[in-house]
Amino acid sequence: MQDFTQAFGEAFSLVAAGDAELFGIVSLSLRVTLTALVIACLIGLPLGAVLAATRFPGRRGLSVLASALMGLPPVVVGLLVYMMLSSAGPLGPLQLLYTPTAMIIAQAVLVTPIVVALTQQVIETLHAEYDEQLRIMGLSKLETLSTLLWEARFSLVTVALAGFGRAVAEVGAVMIVGGNIAHATRVMTTAIALETSKGELALALALGLILLAISLAVNAAAMTLRRSAHAAAAVA
Amino acid sequence: MFNRLLAMAAATLLTASPTLASEPFIIVQSTTSTANSGLYDHLLPMFRSKTGIEVRVVAVGTGQAIKNAQNCDGDVLLVHAESAEETFVSEGYGTLRTDLMYNDFVFVGPKDDPAGLAELSGVEAALNAIAQAQAPFASRGDDSGTHKKETTLWRSAGVDPTEASGQWYRETGSGMGATLNVAVGMGAYTMTDRATWIAFGNKGDHRIVLEGVSELFNQYGVVPVNPERCPNVKGAPAQTFVNWLISSEGQEAIAAYRREGQQLFFPNAD
Amino acid sequence: MPFDFSFVRADLSGRDCLPIELSEVGVAKGGRALIDDLNLSIGSGRRTVLMGPNGAGKSLTLRLLQGAIAPDKGVVTAGGRPLDASNRKRIGLVLQRPILLRRSVRANLDHALRAQRVAASARRDQIEELLTLAGLEHRADAPARGLSGGEQQRLSIVRALAAEPDVLLLDEPTASLDPHATQSIERLIDQTTEAGVKVVLVTHDCGQARRLADEVLFLHQGRLAEHTPAATFFKNPVSEPARAYLAGRLVL
């Protein structure tokens, strides 16, 4: 129990002191995760919508694949990305290993299937409701997809939050491809893993509490946004 | 709309990449003990202010560090498994291996010392006592330098602990810190390098039960990755770093590093 | 209520409505014929009311007329050509339950106009005209799904008019509305007709049919039982099912 009290104390004093190193770690975490999330959404939202609202050969297979990939262990993703980006790998010449870009790639790979699968689910429900009306209006396939995505915007906020949660909490992949290098690629989760391995359990827990607070703040902000927009649109 | 988002993402990606930064940096594939004990935090600022070269440390087990360096994903290798380092050089991955410093391994265990290691004087006797008492022992089990060393010691003690794997012999498959956390958590013995132990923050009631015998000597070596083998390697700054480490200035800096009043690493480059 | 409806039917004068025809049309589901050998043509008369007992195939017929559903057998033509993207655009369909987008009233109309490739500058004026037509000027920025049932249906109708159709098909537009809301919808239908749009309406409400119909199509068991001028239909129906229906005897 002593560790807990100590952890809260340390978390508080770290934040209160405006610790520059902590600030760097937190901002890198957010930058990496949010960039990965934007990429995952740019790929995942349209793809999920296509899987939900169109029929083409291989659609079922893709959809099963996306669901299956949701369960991919981060370490495996880390390894795959490492093997791609390693100097000995096919993308070695880009020299991206041990950079935030590598971490962004790994997290985007990790999060995209989640965005695809959940978007598909959300859009399928909406599509059942809107399909006839949109066909009557003579919308093109592209217009139908963009209309459905915009109509689903409130639910898609939740989808994005699920992706954010997976990415920001993930340690295995960013550890391998980022290398947990101080002041370069150290993020909240790898810092927590490091402090744990140094036996600095209270400090590790303190960082965990800060990560939790950030995650809460992001979720609260998104939910508030969602609720107010929701109320404004008075969704039935 | 879509295009704008794409452009934004591309811009973020580009700015997120520090490889565009002009400042030179090298990557050291390192064992964890030197990083976790805080040695790099002590050395690297000195080196940087002297040369302007930033050193980025990837701290993993010795086995993984060597593997990564073989993939050309580092400029310098700093680990503690002499024969593996020699192989690394002889296979052409490294240019030259140099002794850098040493410390020693210690056995730590629960305060009540159920196998009575504190009364014994040798590693052989200690390991046999643990096996006989079937006292829990936490092994790294991760092909790290420490794990390689531990395996060698069991072999020379004539005990095959892996027969008891999952019983009293617990292979954590993780780093030194994680293994120490396990040992403390389950009241097990374990073998650790002294630096990690001194700097470790979660000792619980564990204490050193065996130390100061010649078999527990722990030699660290440093090897620049071979630029002929790995064209992307930053050969010049890497060599500058190694040269500084083995120079009298670097060696004195290593000797000067202390935690809780104790010297953790003893320089011995010649 | 004065309003400028010129954009909807700018070239209205003297132009014939788009005639739509079903020839030998059949639709089956699960081996059962829902529509069987149906022949009918929509064209004469300004307002056609489609009547018939539940299950007669009224809603299905409306969808066939717009091409929302393709028949299993037979042909649907509009203006003498089989239905395709270009002549379908000239036929509007308003579903019984309005499916409005989760946006403001204005944004719903904007979306419909954009689907018609109307330029942004023209859209603004047209939205105002459609809002006026629907009597929703004061609700323009309200969320569409927050409107009352009658308001939602009016929005749904003017949304269909945004495409400037020659023919507007309405599926029981007042089915679940109170008399006041029903009145506002009927007024909107009048205005639509006055602007030169041919209206085809499905209704169960005989009073409404009497008020609105120029001619009546009576469907029974997926077939056309009667196609007569409204006056004839209500005074002296020709077919037995229609007589039974009007007398309140025919439920199915």
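To keep things simple, chains are lettered A, B and C as they appear, and every chain counts its residues starting from 1.
Keep this in mind: a residue touches a chain if its C-beta (ideal position, glycine included) is under 8 Å from a C-beta of that chain, and two chains touch if they have at least 3 such contacts.
Everything numeric in this text was worked out from a predicted model, so none of it was measured.
A.B. asks: Name the chain pair with more contacting C-beta pairs, choosing from A-B and A-C.
C.D. replies: When the contacts at A-B and A-C are counted, A-B has more.
A.B. asks: Could you pull out the chain whose C-alpha mean position is farthest off from that of subunit A?
C.D. replies: C
A.B. asks: Using the average of all C-alpha atoms in each chain as its centre, how far is it in Å between subunit B and subunit C?
C.D. replies: 79
A.B. asks: Determine the centre-to-centre distance between subunit A and subunit B, using the mean Cα coordinates as centres, and give it in whole Å.
C.D. replies: Measuring from centre to centre gives 32 Å for this pair.
A.B. asks: Return the distance between the CA-based centres of subunit A and subunit C, expressed in whole Å.
C.D. replies: The mean C-alpha positions of subunit A and subunit C differ by 47 Å.
A.B. asks: Which subunit A residues qualify as touching subunit B in the complex?
C.D. replies: 31-32, 35, 38-39, 42, 86-89, 92-93, 95-101, 104, 179-182, 184, 194, 196-201, 203
A.B. asks: Would you tell me which residues of subunit C are touching subunit A in their complex?
C.D. replies: It is residues 66, 68, 85, 88-89, 92-93, 95, 99, 101-104, 111-112, 115, 142-143, 145-146, 160, 163 of subunit C that touch subunit A.
A.B. asks: For subunit B, which residues are in contact with subunit A within the complex?
C.D. replies: 2, 5-6, 8-9, 12-13, 16-19, 25, 27, 32, 36, 41, 56-59, 68, 70-73, 174-178, 180-181, 199-203, 230, 232
A.B. asks: If we count contacts the way the header does, which residues on subunit A are in touch with subunit C in the complex?
C.D. replies: Within the complex, subunit A contacts subunit C at residues 129-130, 132-133, 135-139, 143, 147, 150-151, 154, 232-236.
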